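Report on one structure; see the data block that follows.
Should a chain be cited, it is by its letter among A, B, C and D, assigned in written order, with residues numbered from 1 in that chain.
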């Protein structure tokens, strides 16, 4: 059993890591930290986890996190992650970071959308943790920047079409809808039950910080700079992201070419499931799992293709993907501890 | 008090009509019909309406509906509406039809997306019941085709931009999200609570029958044929539609021109509210009301405009708009009986 | 139009007052106050109310509240209400207080469950604002203590049975379930969407502060001291309270006597609806309205009666009842401005 | 890997069995049957289960079910279960029945609340499948009657108090609240999303058929006939039951005695978790798991004890308990395949 630790374990992604790792056959969580819950027992903060780990929250400190761990998950806010990760790496552990701090190859892009980067020397080394694109590099990485939830759903929807040059990259519009766990466990009027229930809304229209992250990966897939329009929305449900992606087809591209591209690209992918023709997925069918389910349709009336992808934002969009990355880094099967069927209903 | 009747009063749009008309100061519902609930008391079918109308459901019959009514609302399924409406008109009443049967100017378009039309001679006379576009013609109409819920939200979002020729009509993408009442009160697995709750999904991708209805009106606004891509989605909530509409701006169009167009187009509109700059609406803020709230943003990075509109699908998207049309037809103030504030939370 | 003002208008009960009063034909809201939103426009805090009152929030100050008002609604937290109300009364206005501060006849009971009372001399004068029990006294009152949400639902369920001595008072158990608006608009983990959604829980078991309020009124109805067991629960929905009340029947009491007691007690009550035999109400059927719908069943197997009552906690349980009390105080019809049908679905 | 089959696998309890067994390390599902979905692939009926079992639904036939199975789960409606189970047993398999047909020791009780029993000779042999009460008998059983969802939650809440004679059995009132999956996947207006969402209601007040099942087991625990009052309610959520149970304490019983009874009774129970003092459980904290979490409070004001228990109605209340019973019957550890942490949020 490989010892691992979790920094910032009291938020929703931290809980999801604990949930998944409590059933993982090859690793053992030795240390959890949380500034807010320091000193408290895991079962008191999360009664759901009583009997699933006799742990107490410690302060978020590099020595505590590396004392008995070969790998550390950092589930900290942006900025806090890059503050601590260099000292974790210095102590010889490997890191899967769930913040945005190490997802960008170009510090100036990060700084344009987020803030000053305090460890830009690590950006070249860090690997973007999307296994369908970077499986081999993840396995060898010392530091993995775990993808954002929206980017995971959008990049997986677009990758086959861009790589095969079937769509006009400049026409991509990504309309995404997320459950409320994506906003975290912190308190805000926008996550108050009565403000969310029975309400549906858009937010950060054309200015959400996941935009440049998506564009970085789509540009690499297309072999040229790509800019997209991205609109996130908040759905009155706890988990799940559905992204509806629109793009103009290149001349001469028909339904069969699109279908072939998806099947060819994802032929052996463990955690991508392509829907049967005519079926479109619901977020329910992947809930609690690491799957991304994808469907598509070409519209000859307008020459567009519409791709729909669904993930669980906490699992595939955060902690499940982080465990998958850990599996690759530690040489385990990609799906170790991630085999359970989705939750439905 | 003008006497009116409702055909097909036991579904959700029928209930909404009864709710609104029970508080209307100038009309009185004299007859309600329903094949399924014939003979039952209104208060037994809808306990919420006990003390709001001492009515029994009768069979859906032209004589019953016109015996004591100057105007009839037909809240019947497609096809059933056009079967009965000619005989209603023959008996001298005016009709507001909530089905799709009289929304199209061109019978061939209706027939391509729906079915054979049995009263095509009435299509030329029927007025499309969107007051912001056809207020005067509605007032004089004998037969109004009340708009669909999605079309209401999309047309109102696009109208100022198309009329002012600020956007490239061929690039319009409408991504709409609806609460479950839009699917009606009939039983289906897709409206079973446990299949909807915590799930979000797209359906009828690029093939929903509201597409040609939107295109008809957008083409008239643009002065040329317009084809759009339209994707409806189902949100786990009961009421509300939010449409996110994307389009490429014409060269030289900036944020100010877009803002001016909206304010100029909707300056005096009683039931359109334009959001303050930077605010985007939630479906909650119009719930139970006849408002359509609209916000927009131009994205200089991509040259697109994103417009977000929200309505209550049962009120503005069906029965509230039908009452508004009735008000215009009977010479009442447009907002008569529709003044109540939205429900929140 | 009688001028009225609202202290603490930015919470959910404040919003509900504004919603109801914006459609009231006999009063006009002249002043709204809120410490948190002082200086802001109503439409910016509540976009739903745009066009329903061109008001700005002022500081909560007795002079501002009484400058142009004959009656003041105080929708303030406990303690803040009793701090300001004496100075409001001194300025010659009448007051409907939505806090618990003036619901108790005995200051020592208030102090045992809440805190030191700072205006005990007003308790004798204050009238408990449940119209079914105190209609005449409310009409003449200078200060009305508007009932709590749970007490409204429980007292109305028990009143006919206690007054007719049909049940053993010592055996009353009230199991109540409330929507989340009952917890207010303040931020807490217990009202975070993701902690509430899909979860159902009990809270403050056998120690909720509405217990002595219920007991005060049940004791008066029974003519002797009554103690009950009361358990509140939180339901994943925004509005509504359903109370299930259990009690042992006195010997010889049968179903008919129970039914007769309800019909006799509530024969002419404007806002109580007794369900048809065999029907049990859902909270949906009273949503947004001032109704309390009641059903009951005797169980010969155990000798108990089970009474189920539903209200909207924000309307009948707070602001709707406050408006009803205002109507009585100002000599208007009891249902003035409260005639609208419930919202469904 | 022991081969097992499932009769009636297309409903919610069938899906839950498939979900749990797809991750079970010691058994393999060989056959699934469903009259409604006969011939269809599992992944087409439940896209969530794609890659979790390459099975097709067969007709519900004894030969198909026993061809390659040592144990059969019958997830059929009442009556259908007792029609087929004798022929399954005749073919030499063991059976865990999720219907009510084999939960009763006395055929006349079953027949008073359900219908004529067609296999009464098997009632004496069948074991009531509540492991905390009958662990050893289940292990040896050929036929297990898997408990109902409500009874599981109520019996576990009462068992320690009744066995230790701490409460007056005649005073037990069980007020239970269930998520909508408890009503099954069949279509009915009562499970239509828009009729459930935002609504809370009681149903089958004092006449639900789980009443005699609870009474059977409570009577055995008390050593004398016990009659209870039981009211089920429907909560707008998919999964979970919370039961609030009230009873009068016997004279001299204090909080410590109650606490000691729970700890003594459930000291080593694998799937019962007793809450920390002062904490009350939410249904969320057991979702997707086989746990029953229990809390209690004595109320010296009224001499009552209030016990609150939560389970997931589909897991502990049906399929998880069925798997647990299978584990006991096949000699596996009780929690084999049931170790995963609950789902939250």
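Here, contacts are C-beta pairs under 8 Å (C-beta built on N, C-alpha and C of every residue); 3 or more make two chains touch, one makes a residue touch a chain.
If you're wondering where the values come from, they're calculated on a predicted model, not measured in any experiment.
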*asked:* Touching both chain B and chain C, which chains are there?
replied: A, D
*Comparison of C-D and B-D by number of C-beta pairs in contact, larger one*: C-D
*asked:* Rounded to a whole Å, what is the gap between the Cα centroids of chain B and chain D?
replied: 46
*Could you tell me the distance, in whole angstrom, between the mean C-alpha positions of chain C and chain D?*
38
_Counting only residues that touch at least two other chains, what does the list for chain A look like?_
12, 181, 194, 197-198, 236-239, 281, 284-285, 287, 345
_List the residues on chain A that touch chain B in their complex, please._
170-171, 173, 175, 177, 179, 194-195, 197-203, 205-206, 227-229, 231, 233, 235-240, 242, 244, 246, 280-285, 287, 295, 297, 299, 301-302, 304, 306, 308, 310, 345
*For the complex, which residues does chain C have touching chain A?*
12, 180-181, 185, 187-189, 191-194, 196-198, 236-238
*Touching residues on chain D, where the partner in the complex is chain A*: 12, 15, 18-19, 22-23, 43-44, 46-52, 181, 197-198, 238-239, 273, 275-276, 279, 281, 284-288, 293, 339-345
